[in-house]
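Each of the two complexes below includes chain A, the first together with chain B, the second together with chain C.
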Partner chain A sequence: MRDLADTAPIVQFRGIDKTYDGDVNILEKLDLDIQQGEFVTLLGPSGSGKSTLLMILAGFEEVTGGEVLLNGERLNNVPPHKRNMGVVFQSYALFPHMSVRQNVAYPLKQRGVPKAEIDARAEKALDMIHMKEFGERMPTQLSGGQQQRVALARAIVYQPEVILMDEPLGALDKKLREKMQIEIKHLHEQLGTTIVFVTHDQSEALTMSDRIAVFNDGKILQIGPPSEIYEAPNCSFVANFIGETNNFSGQVTAQSGDACTLRMANGAEISGQNILGARVGDAACMAVRPEHVKLDLEQVCSHALKAKVTGVIYHGDHIRYELDVPGARDVTARSNAHMQDALPEGQEVYIHWDMDKGRVLDPLSGAEGAA
Partner chain B sequence: MSITAEFESDSGRAPEVSLKSKLRRAERQRQLKGLGLVAPLLTFLLVIFVLPIVAILFFAVSSPEVGEALPRTAEAIKSWDGKDLPDEATYRALAEDLAEGYEAKTVAGAGTRLNYQASGFRSLIMRTARKADEMQAPFKAAMIDRDERWGEIQYWRELQRAARPLTPLYVLQVLDLKQDETGAIVSVPENRAIYLDYLTRSLWISASVTVLCLLIGYPIAYFAAHTTSNWGYLVLGAVLLPFWISVLVRTAAWMVVLQREGMLNDLLIGIGLIGEPLQLLFNRFAVYIAMIHVLLPFLVMPLYNNMRTIPQLHLKAAGSLGATPFWAFWTVYFPQSLPGLSAGALLVFILALGYYITPALVGGPGDQMLSFLVTQFALEIGNWGMAAAAAGLLLVATLVSYAVFRLCLGARGFM
Partner chain C sequence: MANNSTRTAQERIASVLLKAFVGMTCFFLIFPILAIIPISFSSGSFLSYPMPGFSLQWYEAVLQPFPWLETLWNSLFIAICATVLATTLGTLAAYGLTVSRFPGRGLVIAIIISPLIVPIIVVALGVYFFFARVGLLGTFTGLIMAHTALGAPFVVITVLATLQGFDMQLVRASSSLGAKPMATFRQVTFPLIAPGIATGALFAFITSFDEVVVALFVASPAQFTLPRQMFAGLRDQLDPSIVAMSTLLILFTSLILIVMELLRRRTQRIMGGR
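For the complex of A and B:
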């Protein structure tokens, strides 16, 4: 993690409103600062407005309210071709009638760069993405991953101030996607350019970003470094959207300092950190990551819950237990034990977790509860 | 060390060669299969399309009339050296042929044919034939006595040329050329050079119609292909609707609209733009309007189909890469629309080149094209040689245009 706090933000969104039809606000009062050289990921479910925000930054969509600043200057009426941003689209958008080299040289040509320099810079960009031998090929003669790399080269060759990527790896298979994630990360380190990256793949967001902005319904719910987003989600949506989470819904019965106690529907009580300052009587939901759920054959502490193992799934590096817990649904636990030490199906156990690993957040809405 | 190097280079090359030959074999097999599949179609095309055309074109060079009507003369004059008047035997053969032919009523055809080559020949033949059965030896004197033109060597030269089974006459004539009496190819006098005008006019009208169709059709196709509203279908429908109505009806409709007391003149006078009705019909203007109306769909359809496959996203991408909207269109969109554009333009140009009905109905005498010549010669005059030669010229013009189109656009990987 680099230290970015003292530099001025390169991109600022201030109170962005966006509506397409005049009825529904796709983005609502959205604020976001992006620091120079930062890799920011916009993560959120489909339709949450990530692409819309990116297209606003690229200049393809107008805002209905608020303003966008680049280096402190208003961008609102600047057309796309004057914004000096590189955009990488999910469908690559390579020009099929131009060779790979011509595609990469295109932005330089538009900028009136001298011929010799164009050649040198295009060559260098192709070299960076390991596509030097493919310069004369046409885009249709390339594989998906190769096309995506060319799109990348085309977006970095003119050294734009900000590079925008809208689900650039969405069309690739898992292996290739992971490889490209690393390559993009390397490129980012080499170039030091600011990158705004859109994805709805959470593991992609976690591995690549300096900061993640979690979107839902046109709002940013939480923004922070990946570890913070994963380990300290500030609401049930974030806790459930990123990684796996066990939800224990109930009512707050006691509260003291950072901690509080929750009574579940069946009367059992559990305690955890009171993140949102819930008061006694409030409905709330505690989120616990599966890897923090501990299983014991005996009741070792007063807040342990009775459970029954209903499924044992072997994942190689870990074992996943599916548990039937009275008062909660779909509880899972993760254990690093070896298979020969695994608990059998049907085993009665007690589950518990460290107090600070249970985060008491807002109650689940209907949709999330079902998920 | 060197041994291993050699070994390595060998093993590196060997599979490459066999791979290439394998690829070649696979491609050959695919081609053969393809050929097998299209063989019935090719045969069909050959029988009903190519053969009739070849047969018709043969008329342009064949010259059977004189040989059939005057067989003895044709035989006798074949080996004549053309320096002095022919010998008595040739005169005698002609007199006998004419006498027989007059009886059998076959000389008139030969006379007409000879007249194509030298005017007055038909009357010379008829006049001589009428009295041919009364002629006595020496025939040479008798014939020259009947008409002194039989003593002029140029008539015999024309006769000798016309008696050959093949003739360049018609082909030369549509190119405004002729053979002089020595057989050399020369241009016809300027006041008689009328046929090449039909060719240049056809090319000019077709090119103009193609360009105008492009100017009108490109925005229409673009709009129809990329609009998100239902207007696209409406516009496309308006362009395509005429497709389902006969060309004749559509052209007649234009006559109604454009005539002196027609709708357009009424409208223009009605709104006070003009005082006198304009001459809108029977001129080039009417030809252009009616032809564009008929041919526009042939441009719009391939273009529309092509444009629908071009992602609008490319324009955005170009914009983000620094291209102004116009440059984005010109460098990214337009080149991708070239296959449809050239296919449509080629279609329009070639269809226009062979146009007949429209110019014949709404054009003036100075607006007629090559097909008009073909019909004129075939149906009005009955000169099949000239009709075939004009048709041949049209065919060659079409093939050449096609080749030029392919050369210009095919070289860039299209078509």
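For the complex of A and C:
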């Protein structure tokens, strides 16, 4: 793990506002610091403004307010070709009339690098992405994964300070995508370059990033290492967007220190960690990951909820139970038990979880409740 | 089953009808042109069948320096200058109109392509009065400028259409890789839209090379173009030399079209059928 704490940020977004039509704010008062050598992922639903922020950093879009700093210097009026950033587009954007080698040599040629050095560096970049034999091919003669690798080589060959990737793996099938994730991660470790990566695939974000910034509606809701985002979401949106979550909505009836108690619609009471400082009488929602939901045939503790198994789904390495819980919707639990030990459908059970695994967050809005 | 076979029978009839229709259209378009060609080899001096005998005298006549070759050089000079100007200006206009969306963009396009819509005689009259005032009547510059305005709309239209299919992401990619705007245009945009530019240039060339109305108003005898000379010939002495020249022009135009098609296929092969 890199020590990121005390180095100066390489990229700083300060109070970024962005509107395309002067009416709707696509980004709102957005602040984000990116450290030297960091792999930061912008994760969020479609239309949340991830690409917009990336295009602002690349210089293709202007901000409506706020400023962007690179190494402490204002970037606002610097045109894209002077920013020395590498951009990898979702559509690859390879030049169709140039061979793979010419594509990779292109940025070096623009910088007036001597011919012999261009050849050597292009060759090295092609080697890094295992595309040495394909130098003379035209982009249309390559598969999607190969094209993506060429786009990657083209973006790293001139050693840019920051590499920006906008859903670079979106067009690839699952297997290839996982392979490329590992290759990109590997490249990042080799080069030590700062990478800003955009995706709306949460597992991609979790596996690749040093830090994840979760976007919604042009705001960063939470930013932190993947484990923190997954294990300690700070709001219902993040809890539901990353991984699976069971939501128990209710009203706070008691509060003591870090903990509080929630009364659900059917009157049952559950307790958990009071993350947002909810007060008695507030509406709230408790988020519990399926792997933390424990099933028992008897009521082992006072705050266990009565439930009924309505579905048992075998996933190979784990079993997923679908549960009918009065007062809550779509509750699931994960169990590592073997199939022969699985509970049968229709079984009456009691569910419960450790106090610190239930996180009391903001009440669900309509859209998330339906999700 | 029965339904299926009647369907194919219908389709067969439709296909035969279509072929006949296309064949007839081609025939009506091309036959009048071909029918006139033999007269250029006539030993007589009238535009009529039957021909009294075979002779190359009219070809000899049109290959004389005066008046035919001289007007041919005038035509080529004017057409080439007008084409270069129309292509350069038209391409820049189309590019600008594609990359920036500003209020009044539609109006600008309408003005640029208006020479295509306004009757040519009106354009010619306008040009005549304007040029008379600024002293461009009877000059090569004047004729070249007028023909540039007539040819530019073709370039703008074809390049605009080509740019529609051009991936603007490539321009962004290029500038992110460190290319200045002009370098991007030269190395990325231009090579990829070149077929469209070439098509527009060809239209601009043919427009100028064919043009007679503006030439009638603007050109003095020193700038007589080939069509202007043919027009004079039709009025003064109607003989098969005009047909001989026409035949040569048909050959020339067909050659240009064939070369264009070969170029198009080549670029398509390079681009892998995009």
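Simple rule for what comes next: the second predicted complex is superposed on the first by the 370 of 371 C-alpha atoms of A that agree within 3 Å, B and C clash if a C-alpha of one lies under 4 Å from a C-alpha of the other, contacts with A are read in each partner's own complex, and residues count from 1 in each chain.
One rule holds in what follows: a residue touches a chain if its C-beta (ideal position, glycine included) is under 8 Å from a C-beta of that chain, and two chains touch if they have at least 3 such contacts.
Note that the coordinates shown come from a computational prediction; the quantities given were computed from them, not determined experimentally.
Contact with neither chain B nor chain C is seen for A:V63 once the two complexes are overlaid on the shared chain.
Using the contact criterion defined above for the overlaid structures, shared-chain residue A:A153 touches neither chain B nor chain C, since it reaches no partner. In the superposition on chain A, A:I229 contacts neither chain B nor chain C. Residue contacts after overlaying the shared chain place A:A125 against neither chain B nor chain C. When both complexes are overlaid on chain A, the residue A:I34 reaches neither chain B nor chain C. Contact with both chain B and chain C is seen for A:M85 once the two complexes are overlaid on the shared chain.
For the contact definition in use here, the residues of chain A common to its chain B contact set and its chain C contact set are 58-60, 79-81, 83-87, 89, 91, 93, 95-97, 106-107, 110-111, 154-155, 158. Of all residues in chain A, only 58-60, 79-81, 83-87, 89, 91, 93, 95-97, 106-107, 110-111, 154-155, 158, 164 touch chain B in the complex they form.
Residue ranges of chain B in contact with chain A, taken from their complex: 311, 313-314, 316-325, 327-328, 331-332, 335-336, 413.
Of all the residues in chain A, the ones that touch chain C in their complex are 58-60, 79-81, 83-87, 89, 91, 93-97, 106-107, 110-111, 138-141, 154-155, 158. Residues of chain C touching chain A in their complex: 167, 169-170, 172-181, 183, 187-188, 191-192, 270-274.
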